[in-house]
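The two complexes that follow have chain A in common; it is paired with chain B in the first and with chain C in the second.
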Partner chain A sequence: MLRYVARRLLTAIPVLWIIVTITFFMMRLAPGGPFSRERVMPAEVQKMIEERYHLDEPLVKQYFRYMGNLLRGDLGPSFRYKDRSVNEIIAAGLPTTLQLGSLALLFALLVGIPAGCLAAFRQNSAVDYAAMSFSMVGVSVPNFVVLSTLIYFFAVKLKILTVSGWGRWDQMICPVVALGLMYSAYIARLSRAGMLEVIRQDFIRTARAKGLPERLVIMGAAILTGSLIIETISGVPGIGREFVNSALNRDYTLTIGTVILYSGFLIIFNLAVDIVYAFLDPRIVYE
Partner chain B sequence: MAEPVLSVQNLVTRFHTADGVVRAVDGVSFDLMPGGSLGIVGESGCGKSVTHLSFLGLIPQPPGKIEGGKALFKGKDLLAMKPGELRKVRGNDIAVIFQDPMTSLNPVLKISLQMTEGMMIHKGASRAEAEARALELLRAVGIPSPEKRFHDYPHQFSGGMRQRVMIAMALMCEPAALIADEPTTALDVTIQAQILELIQKMRKETGVAVILITHDLGVVASVCEDILVMYAGRVVESAATGPLFARPLHPYTFSLLRSIPRLDAERKERLFSIPGLPPDLIHNPPGCSFNPRCPFAVKRCFSKEPPLTEIGPGRKVACWVDIESKKERAT
Partner chain C sequence: MTNDNEKTRAAADVQPVKGTSLWKDAWRRLLKNRMAVAGGALLILIACAAILAPTLTPYAFDEIHLSDGNHPPSREYPLGADHLGRDLLTRILYGGRVSLAVGIVATFVSIIIGVSYGAAAGYLGGRADNIMMRFVDILYGLPFMFLVILMMVIFHNAPAEKKLYLLFIGLGAVQWLTMSRITRGQTLSIKTKEYILAARTSGAGVFRIISRHVIPNLLGPVIVYATLTVPAVMLEEAFLSFLGLGVQAPMASWGSLASDGRQSLDTYPWQMIFPGLALAITLFSLNFLGDGLRDALDPQMKDQK
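Our next item is the complex of A and B:
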């Protein structure tokens, strides 16, 4: 197992290198640059800025300069936010994003799994239809709409929550629910499908034939369903996605920095999922 | 004469589907004697499995519905029991071995847990007691060094070994009846014989009465004392094994026996096969369900369903025709 994890982490290095390289050149291929403005800059000023950020050097040289810094853990200066390095920007935003992401995920799991399992056990009943219609809405409505609606009702009209900010629970509920709702809908649909698949298996009939109480029969099914659900959680892009979206304004270094961060998360999450799999399903063995 | 352990009387199970009502089990009756062995034979979909799943409360309801009959286990009607009472019978008094040992064991739980949980629930045994019993049974069913394999997962066993585990698991609570639902169908031929021998051995050693459900007449011939032949949800013939093979009375049984390849026969002709397909159980033809495929059918077979009638000691058949004289039976 340890060897497997080590090997996976080693293979992550070339993957990240390829991602960085592709992002670096794609950013430069895109028309426009960090300092292109509608207002024409004096040529000397433009030249000075480009010299400062080494934009006047050949692209290949810029690439090696960037990779050299990257190896030392320096993601470079931000092109947009003067006097702030990409490292600083990420360090400032990351804790909040992580907090938001994990709370949203927790919310999604706490709502999605019970809803999906209940729907599966009462298949084609009112409970099932209600849970599935609700999750259809959850999947379809974009989270910014959910967020605005929540804020409108709970913060503006009822005044029990706060419109914006982060840190206190009354500020956190709206964004967490808005972000978690869509994933809870996905997870509900997945747990329902997974549970339905598992409870139709022969070994569930065996468990019943042994005269086990229904509670134990279902527990036997739940473990296997768990490993099906884990799979989707790995696809939850909640953490880091905002970063990528907010950074796409030709701020070369910030963009690459967030791409690296996001890719790193993806790689680590996928690895974590594979490891959890092995714990849930004894048939999966890594060597 | 001893009381039967299990007496199924006129069991009727139907499935109410979107396409219509499926008459899966249509008036099946049989008695299982203590320590006895009864074979239930028939084609796929003739209601063999639904019969036992019905009285054990294991068919999905809805769409399934038990619409009539009784299933007396030691004098108590299983069909009248509440789910909780029936649960105490399942696995405890009546145990089941299913067809496919690959899928009938939970892949994510250890054999030790799957074997012992039933006994701990039904008998209130401690984990240590249940594990001791499980190890004893694993040894009895021929698992080599069971202590080493006890905490393995099902996928670490071969198919035959898994079926041995299933058998040992079924015997944990010393049931009075064991239902083996096609226990050898998913196994290699060489393993099949071993498993059948094992079931025989366990029956002799523990005195458990066995119902063996199969579509293979060869299997019942070697294991069962009595045979029930089912067709389209009904019992068409029942007899002791010897007489049934020597002198089949129902055209279906007769045709089935003719379709068994024989090692000693000259291979001049094509192997006999019964023409046509079993009827779908929604649109049964009027009269006897076997009439479209029956070489002996007479006019009456197309209008009136023949009842299962006792025509000799221990011999029952549901047919209007005496196939030996090819004449209609007097009624």
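Our next item is the complex of A and C:
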């Protein structure tokens, strides 16, 4: 088992390398640069800045320089936020994104599991239909529509909640609910199906159980992507927001840094699924 | 009738019972599912409205009435007007064309890539299958959505039509992995089914086995998954357009219309709510139809209800 985990972590290295390389060259091939939006600078100043960030070097040399720094855990300086390194920016934004993601997941579980179980115990009753219709609505309404609606009613009209910022409960409710709602609907449907199979003592149960953790992990990854848009709209200062902004601003190092972080999460999620499989299904043997 | 039945049962060992075809059976079960039928009907209605948009509204898509800027919903403008006085209903109908086109074309791209890849892996089996599926496993680790976002950022200043093609390909590429896994698994299990063996022993040729047994059984899950892929793709398109990275002026989609409306959410909420509602209703119908299709076509569910 330990050997299996170690091997999987080793295979993650080439995957990360591919991602970094693709992102690096994609960003560099994009027209415009990190400083092209600013006022026209004197040629000397421009040259000084380019020298400072090694932008005057050939691209391949820059690539190897970046990879060398990356191996030492240094994600480089940000091109846009002066005097801040990408490591600092990520360290500042990551806790917020993780909080947002885990609160959304918690909300989804707390709402989804009871709703799904209730629907299963009262199968084909009004309760069941109501719960399932509601969950279908939840699956179908885009999270940015949910967020905008919540903001409109609770922040603009009723003035109970506020948006933008992070930390106080009245700032956190709108983004968390908007991000978690779709997944609570999803979990409700999954737990209803799972519960029904347990009630029926179905032989398909194990087959379905095998699919369940995989879906949960896909959901974990999807929540991270979802946090991109939620953070961007509601002004939550996490790393999801930094990704979109940095790509638009051609802040090369910050973009690659956030992509690495996200890919790392994805790899860990995938590994977690396979380990959970091993516990659920004794027939799977890892060598 | 009972007599006939008994006769048939007695003869069952010798003569095969004439059964209904898989598709007829599925169709009947689908019609029994009221929500799926309602979803399908609503979808047809929405698609027709989008296609017939020019005959349904008196306005052109980009017709500007500056004096009616931000006009609330009224008789002239059933769903209100935007800041340039463009009729929102007209824009939603035309935007629906783009949203639906992205959903359908990108799903088609994912089917072409995923089914051919998965079927090849499943059919070849052994070593080739192993290598091909390991490759898919690696691709699963790539954050595709991030790469699509990056691609759209890089081509931010490209003409709107070119960006639409990028969306087709990019979003199709995001979805093909699961499609290939489903197809491969299905092909593998169909290959070893008793009815294939039975067909083979009763003298059916390869072509007959593939056309009568493999493809119909492969098609079910593919259709079901495709129906559920369309809303996922449409959601991703809306997501990108909402961030300002997808469909761009002069074109519009439900996502980009909602994005335009968000700027004036506090004062003119209808500009955001109606495009969002159009998207939500469509996704809602697609999900119900997809679920109904799955229940109708999933052979495991066949004996349960």
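Here, the second predicted complex is superposed on the first by the 198 of 287 C-alpha atoms of A that agree within 3 Å, B and C clash if a C-alpha of one lies under 4 Å from a C-alpha of the other, contacts with A are read in each partner's own complex, and residues count from 1 in each chain.
The rule is simple: a residue touches a chain if its C-beta (ideal position, glycine included) is under 8 Å from a C-beta of that chain, and two chains touch if they have at least 3 such contacts.
All figures in this text were calculated on a predicted structure; none of them were measured in a lab.
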Which of chain B and chain C A:A92 touches, first, second, both or neither: neither
First, second, both or neither for A:I18, with chain B first and chain C second: second
First, second, both or neither for A:G220, with chain B first and chain C second: first
Chain B versus chain C as contact partner of A:V145, first or second or both or neither: second
Chain B versus chain C as contact partner of A:V163, first or second or both or neither: neither
Touched partner set for A:N270, first chain B, second chain C, both or neither: second
Broader residue contact with chain A after superposition on the shared chain, chain B or chain C: C
Contacting residues of chain B [partner chain A, same complex]: 56, 58, 87-92, 95-96, 98, 100, 103-110, 117-118, 121-122, 153, 155, 166, 169
Residue numbers on chain A that touch chain C, as the complex places them: 11-12, 14-15, 18-19, 22-23, 26-27, 29-31, 136-137, 139-142, 144-145, 148-149, 151-152, 156, 200, 204, 221, 225, 228-229, 232-233, 243-244, 247-248, 255, 259, 262-263, 266-267, 270
Of chain C, residues touching chain A in the complex: 138, 140-143, 145-147, 149-151, 153-154, 156-157, 231, 235, 238-239, 242-243, 245, 255, 258, 262, 265-266, 269, 272-273, 276-277, 279-281, 283-284, 286-288, 291, 300, 304
Touching residues on chain A, where the partner in the complex is chain B: 201-203, 205-213, 216, 220, 223-224, 280-283
